[in-house]
Amino acid sequence: MTFPASLMDGYERYLSKGFVRYKETHERLAVYGQKPDILVISCCDSRVTPEGIFHAGPGELFVVRNVANLVPPHEQAQGQHGTSAAIEFAVDSLKVKHIVVMGHGQCGGVKAFRENANSPMATGEFIGRWIKLLEPAAIAMACMPIDKADDPQLAMEYAGVRQSLKNLMTFPFVERAVREDGLLFHGAWFDIGSGELRLMDPETQRFETAGSGSTEDAD
Amino acid sequence: MTFPASLMDGYERYLSKGFVRYKETHERLAVYGQKPDILVISCCDSRVTPEGIFHAGPGELFVVRNVANLVPPHEQAQGQHGTSAAIEFAVDSLKVKHIVVMGHGQCGGVKAFRENANSPMATGEFIGRWIKLLEPAAIAMACMPIDKADDPQLAMEYAGVRQSLKNLMTFPFVERAVREDGLLFHGAWFDIGSGELRLMDPETQRFETAGSGSTEDAD
Amino acid sequence: MTFPASLMDGYERYLSKGFVRYKETHERLAVYGQKPDILVISCCDSRVTPEGIFHAGPGELFVVRNVANLVPPHEQAQGQHGTSAAIEFAVDSLKVKHIVVMGHGQCGGVKAFRENANSPMATGEFIGRWIKLLEPAAIAMACMPIDKADDPQLAMEYAGVRQSLKNLMTFPFVERAVREDGLLFHGAWFDIGSGELRLMDPETQRFETAGSGSTEDAD
Amino acid sequence: MTFPASLMDGYERYLSKGFVRYKETHERLAVYGQKPDILVISCCDSRVTPEGIFHAGPGELFVVRNVANLVPPHEQAQGQHGTSAAIEFAVDSLKVKHIVVMGHGQCGGVKAFRENANSPMATGEFIGRWIKLLEPAAIAMACMPIDKADDPQLAMEYAGVRQSLKNLMTFPFVERAVREDGLLFHGAWFDIGSGELRLMDPETQRFETAGSGSTEDAD
C-alpha cells in the first residue's frame, strides 16, 4: 500500500478524536446537507488552514483554496474557472452571508509574482498565468500606496487581498447579493510565525490586528 | 465591526489552543518556509476538511479546494487556471511526493452535474461550465461501469476522482515527476455521516474502506 | 470486368422478381416523384436493412444510414453535414410525417465508442470524431441511468437512440414541423439474432418489444 | 400508440417471411459478427434501395445513404463527418473489397444543386452546404464533358458519381487499401422507372447498361 502512513495515522486519530467530538453534527449534516454562513477564500499554503485558524467545526466554512487566495475579475473568468464557480455556488446556492478573503505572510504565489515582474520567464506555465491576476493589484499599489513600502512583499500581500475583494463585486450575482441580501466582504491576513490575524478596515483599507490576542484556556 | 463573531471567537480559541500546540512548528515554518510532502485536492464543502480528516498540523498538507475536487486536463487548463497553477506549484516548486484527490458523499457539484445532464439550463454560468469537467468521467462510467449503478450519485463521485487522477497525468510536469521522482497518486472518498474514509485500489480502481476503524484514545 | 459477381447475380434476380412485383409503382414513382411519409435513420451495418425489416416497397422510406444511426445536434452540424442535410431535405422538401431512429444490437460504432472511452487512441481519424456524438448520450446515461447497467453495450445503444431523438429537436425546421405539422418521432431497436424489434415508449423512454411476434403466412 | 401502422404491419410480414428465410444467417451473424465484402454509398431516396436492387441478404452490404450519394474529399471532411467515418470503418475495420457509389435518376439532391447554381438562396441551410460537394463535379463536367448535355440532370448525376469515386482516393486509408489490398471502386447508376442499372467503365468513365436485362424466374 502506497498511501502515506502519516495520513493513515492521522485518519485513525481523527476517527477516535475529531470525528467523535462532532459525531452528531456529522450525522445531522449528512441528513440535512450543509448550510454554511461563511465562504473563505484562502491560499493552498500548508501553513494556513482556515478551519484551524477559526477553530471551525464541520459545516461552518465553505472553503476555496488556490495559490495566493485570488479572485479573478468577472471578465477574465471565462472558461472553466474553479474559483468563480465556487463563489457562484456559495452565493447563489448556499446563500452565504459573509465572504472572507484571507491572505498570509511569506506567500509563495505573491513572491513568484514579484520575482516574475523582473524576470518574466522565472515561473511555470500555469503559475505564471495565474499570478498575472495580481497585476491590477500591483498597479493600484504603485499608483496609490496605502502601505509602507518597507516590506514590499507584505504590501503586495495586502494589495492582493484588496484586489480580490474589488474583483468580487464584478460578478453580477455577487453584486446583487450585496445589494439585496446584505452579503458582506472581509479582508484578512494571517502571520505564520506568530499566529497573528489582521483584518482590513473597510473604510481605510488598512490591515489591523484582530481580537484581544489574549490566550484563554477555552475548549 | 461586521466581521463574523463566530470567526472571532474561533480565532481566540485557536490562539489559546491550536497555535499554542504548534507554536514551535509555526516559528520554524516561518523561518524555513513550507515543505509539505502531500498535495490534497479536495472539495470546498464545509463538511470536508482535509486537515481535520487527516489530523494534520501546519506545514503538512498543501491544499487545493474547488467545487467537486476536480483536476482539469492539461489541454482544457488554458487561461488563468487556479487548480492547474496550484498543482504546478506543488509539483515543480514544493516537490510534493504524494497527490491525494479526495471526493466525498453528497457532493453538491456532482449533484449539479447529474441534474444538469437532463436539464442543461439548471445551473449557473460558472458552475455550469466548471462541472463540465465531469463529462469525461460520466462517459467513462457509462461505457465501462466499474461501480453498481444502484447509487448513481456515489458512482459519479467515484468516477470524478478517477477522472481527476487520470487528468493529472496529462500535465507534462506531473508525468515527469511520476517517472523521474516517484510521485504517487491516491484516490480517496469521505463519508460525511459516518466519517468513513475509502481509498481507491490503483489496480482495480475500486474504493475500499481504509484503516482499522478502531477508536484509540491517542492525542 | 471487376464488378462483384454477387451483385450482378443479385441484380438479375431483382430484375426478374423485385422489380417485376413493383413495376407499376416504379413507373408511377418515376413520373410523379417520391413522396415518402417516413424518414428512417439507421446504421450502415450490413445486418440491419430498414426496407427489409419493415417490408417496405419503393417510395415508402427515405433512408439515412450512417455509423451508429446518429443525429448530430444543430450546433455541431456546421460544415457539410450529410445527416443534417438529409433530415432537412426530408422535413422541409418531402414533408415526412414520421422520423424513426433505429438502433440495433452489437453496433460496432457504439462498441468503438465504449472502447475509445478508455483508450482514446484506439479508433481512427473519422470514426473517432464521429462517435463523439455519443458523448452526451453517455453523460445522460451516467447521470440518470434508465436501463440496467448489466449490459452496458445495450444500455449505450438505447441511450444513443434517445440522444438522437433529443438532438432532432435542436433543428429549428424540425421543431417547427413538430409544432405546426404534427411531425412524430419514434425510437426503435433491432435485435440481429432474433429479429426482435423494440420500440421506445415516449413517456418512460424505455424500450419494449413491438408487435405480436406471431408468424402469419402473409405476402 | 403513434408508431406508423404501415411499419408495424410490414414488420409482422418481415417476421413471418424475410426473417424466417434468413433465420440461420441472422443467428450466425449475431454470433460471429458482420463481415461484408461490399460498401455501397447510395442516396437516401425512397425509390433506391441497394439491398433490393442487388437482392442482398443480411450481412452482405455495408450501406451508407446520404443525399445524392456523395463522398466528400479528405480535406473537407473535417469535423464530425458521417460519410467519411463510415468509409473509414468499412475499409479499416471491416476490410471490404469493393466500394460501389450508386447514383440514380431524378435525384433530388442533384436537382437542388442545379437549381441552386442559378438561384443560390433556393435551398436550405444544410442541403445548400452539403450539395456544394457537387461543385468540383460541375466544374469537371463543364471543362471536359464526357456525357451529352442533352440531359443535363443525367449528366450531372453521372458527374457526381465520378467525383465521389475521385474523392475516395483522397483518403490516405483508402489509397493504401487500393494499393496494398486490391480494394476496387465501382460507379453505378439506377433508373427508377425501368429498373435499369448502368455501370461506369473505369477506362472511359462512361456509364453502360449492366447485365443481360433478361428476366429469369429465379428465387
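General remarks:
Letters are used for the chains, namely A, B, C and D, taken in the order the chains are written, and counting of residues starts over at 1 for each.
Here, a contact is a pair of C-beta atoms (placed from the backbone, for glycine too) under 8 Å apart; a residue touches a chain by one contact, two chains touch by 3 or more.
Labels paired with UniProt names: A, B, C, D = Carbonic anhydrase.
What you are looking at is a predicted structure, and each value in this text was computed from that prediction instead of being measured.
With respect to chain D (Carbonic anhydrase), maximal separation of chain centres occurs for A (centres as means of Cα atoms).
For chain pairs C-D and B-C, the one joined by more C-beta pairs in contact is C-D. Two copies of one sequence, chain A (Carbonic anhydrase) and chain B (Carbonic anhydrase), touch each other mainly through matching residues, since over half of the numbers at the interface are common to both. In this assembly, the C-alpha centroid of chain A (Carbonic anhydrase) lies 63 Å from the C-alpha centroid of chain D (Carbonic anhydrase). Separation between the centroids of chain C (Carbonic anhydrase) and chain D (Carbonic anhydrase), computed from CA atoms only, is 16 Å. Separation between the centroids of chain B (Carbonic anhydrase) and chain C (Carbonic anhydrase), computed from CA atoms only, is 44 Å.
Contact of a single residue of chain D (Carbonic anhydrase) with at least two other chains is seen at no position.
If you sketch which chains touch which, the chains link end to end in a single open path, with no loop closing it. Every pair of chains that touch is listed here: A-B, B-C, C-D.
Note for the complex: chain C (Carbonic anhydrase) touches chain D (Carbonic anhydrase) at residues 2-4, 6-20, 23, 26-27, 29-31, 33-34, 36-38, 44-49, 51-56, 58-67, 70, 72, 76-90, 92-93, 97-98, 100, 105-106, 108-109, 112, 124-127, 129-133, 173, 184, 186, 191-195, 197, 199, 202, 210-219.
Residues of chain C (Carbonic anhydrase) that touch chain B (Carbonic anhydrase) in their complex: 113-115, 117-118, 135, 137-145, 148-149, 152, 155-156, 159.
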